[in-house]
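Please find one structure pasted underneath; my questions will follow.
Just so it is clear, A, B, C and D label the chains in written order, and each chain counts residues from 1 on its own.
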Amino acid sequence: MTLDLQEKFDAVIAHHDRIEPRDWMPEGYRKTLVRQIAQHAHSEIIGMQPEGNWIGRAPSLRRKAILLAKVQDEAGHGLYLYAACETLGVSRDELVEMLLTGRQKYSSIFNYPTLSYADVGTIGWLVDGAAICNQVPLCRTSYGPYGRAMIRICKEESFHQRQGYELLRTMMGGTDAQRQMVQESVDRFWWPSLMMFGPPDEESPNSARSIAWGIKRNGNDELRQRFVDMTVPQAEALGVTLPDPELRWNDERGHYDFGAPDWAELAAVIRGDGPCNAQRLAHRRAAHDDGAWVREAATAFAERSAR
Amino acid sequence: MTLDLQEKFDAVIAHHDRIEPRDWMPEGYRKTLVRQIAQHAHSEIIGMQPEGNWIGRAPSLRRKAILLAKVQDEAGHGLYLYAACETLGVSRDELVEMLLTGRQKYSSIFNYPTLSYADVGTIGWLVDGAAICNQVPLCRTSYGPYGRAMIRICKEESFHQRQGYELLRTMMGGTDAQRQMVQESVDRFWWPSLMMFGPPDEESPNSARSIAWGIKRNGNDELRQRFVDMTVPQAEALGVTLPDPELRWNDERGHYDFGAPDWAELAAVIRGDGPCNAQRLAHRRAAHDDGAWVREAATAFAERSAR
Amino acid sequence: PAELAAYCLMLADDALVASARLSEWCSRAPELEEDIALANMALDLLGQARLLLARAAAADPAVVPLLPAGSPVPAEDALAFFRDVDEFLNVRLAEAPNGDFAHVVVRILLFSSARLAVLQRLRGCGDAVLAAVAAKGVKELTYHRDWSGRWFLTLARGTDESSRRLRGALDSLWPFYPELVVEPPAVCGVLGVDFGGLGAEVDGVLDLVFEVSGVERPRGGGLAGAVGRDGVHTEALSRLLAEMQVVARAHPMGCW
Amino acid sequence: PAELAAYCLMLADDALVASARLSEWCSRAPELEEDIALANMALDLLGQARLLLARAAAADPAVVPLLPAGSPVPAEDALAFFRDVDEFLNVRLAEAPNGDFAHVVVRILLFSSARLAVLQRLRGCGDAVLAAVAAKGVKELTYHRDWSGRWFLTLARGTDESSRRLRGALDSLWPFYPELVVEPPAVCGVLGVDFGGLGAEVDGVLDLVFEVSGVERPRGGGLAGAVGRDGVHTEALSRLLAEMQVVARAHPMGCW
């Protein structure tokens, strides 16, 4: 019986078809998916903080509205993704608990601080850009609910990326101080953005299995290269310098060569020693704890009304 | 026996001598003193808030140091006055409790908000000025510890008043925006400063008894007039307009005539409906409650060390 | 004319400042759904503020702060970011610092009930732009009022703690309520709108919510002294504006 | 020269920012006596900051931000109020937002222990002004360290709650500690000061406090990435500066 199921599952994967919630799936597949979708959901929720940090200080009302709507979209993405994860038999409460106790991770990039309004643009351009490189292939991921959530999310993410790029372009057309602010921001975010694709493939043991299961579609290094190739011309158009002296076009490879990120820094950030890990989790925990009495009241009220 | 004691007390009062903590005193005298000294102590403590509001925003480091030292002095005044009150057999804890539960009052002036840095100067000039008018006679008050505390406090208060005036004078020598800021501040604080002397004498029934006991030395209206007479020339020297169309010199009386403050507003503020009553008490309560575990720890540690 | 501009500024500042406080909730709500709802309401009010600031600037260009020659800052931003605190005309309820979730529920209930009644009247006013803004706002504020009314009921009838917190929030915000239902007489003539009975109407709406929720209407009226519409605020507004304006003011020639 | 100015700015910014956080305690301490003590320490650090900013300006006038011609703003204020956040060179421990009383005790303990060791060395440095500032500071910081050490012990041995809070505060601030005991090598040659063994010395002082208090030294080192001395800060500093600088920046020609 299990053999039949396994064969059927393998066939779906082989045909690049979708596994749906009611279908049988190997436990490892389910667990890997839960971990990946949850991490993605948590990243959306934690990702509200670095940008949310600037809503109160947005320098124009138009930018304030754009930023607020963007952060709101991230909450929405978190919602879809938690819902997708729930189809795998884990509740949102459990997932939140896993985030708050540090048993599940979120994207390392959100452990860097936002230090100027240009960071709002840079996050849109580089961070959302990197996220899209990661996520577009996931629209074809083997698990149906995840793939469908990704389609919707990717659409919004590319909208956000364009808005971020447009903010930077506008600032580059402004004053010298604004141009400096953009360059300073890009200097801080370039390497952490490259790290978003994870460690090099040879140090990423789970990648291969995820690719075999059709959960991931590409290796870390391939996606990182794709991101660099896509971004360098955009940086040139913008007029900013990417802070990598080794960055140059390689005619032979048909790709840009680039330097190695500081993998020790990435390891430290993942371990919990990034500049903002403690702050991000403390913020999330405070919001969760401060809201406990509200959730209890809502439950009590619903129970009373149902009677 | 009680008769003898009463006679001796009356004689001390009649000779303008001091009553000391170990001397016999009528219960009414003691109670009135406790109420007055406590109210004065509470005013120093609550008075830290409106000025403390601007420490973080002081526009020069020199002014920041002056302001911080002044607010610190107010805490010190509070300390002396609570100590003077304790000589009457009430503990500081009890007094703080009376403040936090609203059973004892503090000066109505601190229920007005500070809305610009000029308010720091205006509070020094007008509010401390009015306080000094009230307090200088209290250096000769009939209760020894109170009178001695007042001597020390008055010395520091007149220093604060000069600093406040000097800030305003400096600002008046600055830009148009600074001069406007000073005028706007004086417009807001003039009437509340006049109210600091309390309601008119005919509506202040306790005043007469306090004067008979040598606790107070002057009536509210007399002190208010003294304040106006002292302040008008200072306002002229400063170049600000006091917002009272009825204000003019009366040759016959040898005093300035002035309009009546809005006594209904004073009554509302005393009742608890001033702009900041709730805020001031909430701030004080939060500090007290937040510090409870520290006081408990200090007590526990002291007990353990004593063993 | 000047009266129309001044009135639009009042309505704009109410929305702008209330929106700023709602935005501070972003990433702090008890549930994701409420985070989204609060951001929605903040966005609605921000949108209203922008239209109203633009209307004020068009009605009387003299209200717009002067910026250095050649500054690309549009009028709505000049008004939002380059006025000083005593030029803001919002009611103080809008600026009160955030408390707990009960506090934001009560603030939105009081604010949206009053603003809804005002905008309903303004839909028929003599200024076509203002009338259009009001018509759009009526839909939005109906949602705000319903959201806050639902939560008011939920918290009132939820747990002992939620009921206690709700009453605490109501007591702390109630003194600001009277400011919400005072209308400046000068504007009536210009706009041809009758604001008569505004207070009673809003009172009625609130009484209904209180009744359904089993919460007693707080006693006590407003606070002594000058009010937000006079440009006299609480100590909280200057801090809010210091944050709101800091980047814009650092770059008066900036393009965003 | 430029190295001396840069080093004075670092020491000044540490003091200025730490002073700002201590000032926020004003009117909020658990007892009046501690309110006064915290204000005292804030005043000491503010005084140090002023002298150091003036020294930096004198050593290298190029560090002072340019203000409009005719501005009466003195150099110390130009440096404090008109530099942007990425020009501040303070350690991040100084800027971390305030927590509870345990948090301020731990912050002062770490900060004053490290700064005391630095100033003790600087008393004998080649710059007479800096040496004098250091000599004065040594007395002040000895008090700060003793005050915080006493409270550290009291909280550690007080109640379960105080001990729990103390450990929480220590864990949260410890990652910023390594920044405190790194000294830029460039300055040694200029000043003729040997900073060798600084970290070990401060470690020793802290270990003594931990031991007496029965608190285990936290594990773990510092944080990955750039640090305060590089001008890269936490998200908290720009908010602190927005408040600190708002009035001064609104009046670049102002007299105070």
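The definition used in the following text is that contacts are C-beta pairs under 8 Å (C-beta built on N, C-alpha and C of every residue); 3 or more make two chains touch, one makes a residue touch a chain.
For reference, the UniProt names are A, B = 1,2-phenylacetyl-CoA epoxidase subunit A.
Predicted model only: the values in this text are computed from it and were never measured.
Asker: Going by the stated contact rule, which chains contact chain A and chain D alike?
Answerer: C
Asker: So, comparing C-alpha centroids, which chain is the farthest one from chain C?
Answerer: In terms of C-alpha centroids, the chain at the greatest distance from chain C is D.
Asker: When the contacting C-beta pairs are counted for B-C and for B-D, which pair yields the higher total?
Answerer: If we tally the contacting C-beta pairs, B-D comes out ahead.
Asker: How many Å are there between the centre of chain C and the centre of chain D, using C-alpha atoms for each centre?
Answerer: That pair's centroid distance is 41 Å.
Asker: Per the centroid of Cα atoms for each chain, what is the distance between chain B and chain D, given in Å?
Answerer: 35
Asker: With chain centres taken as the means of their Cα atoms, state the distance from chain A to chain B in Å.
Answerer: It comes to 58 Å between the two C-alpha centres.
Asker: Return the residues of chain D touching two or more other chains; collapse runs of consecutive numbers into ranges.
Answerer: 242-243, 246, 250
Asker: Could you pull out the residues of chain B that touch at least 2 other chains?
Answerer: Where chain B meets two or more other chains at a single residue, that happens at 57.
Asker: Using the contact definition from the top, classify how the chains connect: line, ring, star, complete or other.
Answerer: other
Asker: All pairs of touching chains?
Answerer: Per the contact definition above, the touching pairs are A-C, A-D, B-C, B-D, C-D.
Asker: Please give the residue numbers of chain D that touch chain A in the complex, ascending.
Answerer: Chain D reaches chain A through residues 85-86, 172, 175, 220-226, 232-235, 238, 242.
Asker: Going by the contact rule at the top, pick out the chain C residues touching chain D in the complex.
Answerer: Touching chain D from chain C are residues 84, 239, 242-243, 246, 249-250.
Asker: Which chain A residues qualify as touching chain D in the complex?
Answerer: Of all residues in chain A, those touching chain D are 50, 53, 57, 112-116, 184, 188, 264-265, 268-269, 273-276, 278-279, 282.
Asker: Mind pulling up the chain C residues that touch chain A in the complex?
Answerer: Contacts found on chain C: 16, 20, 23-24, 26-36, 39-40, 42-43, 46-47, 49-50, 53, 72-74, 76-77, 80-81, 100-101, 153-155, 157-159, 161-162, 165, 243-244, 246-248, 250-251, 253-256.
Asker: What residues on chain B touch chain D, complex-wise?
Answerer: Within the complex, chain B touches chain D at residues 45, 48-49, 52, 55-65, 68-69, 71-72, 75-76, 78-79, 82, 117, 167, 170-171, 173-175, 177-178, 283, 286-287, 290-298, 300-301, 304.
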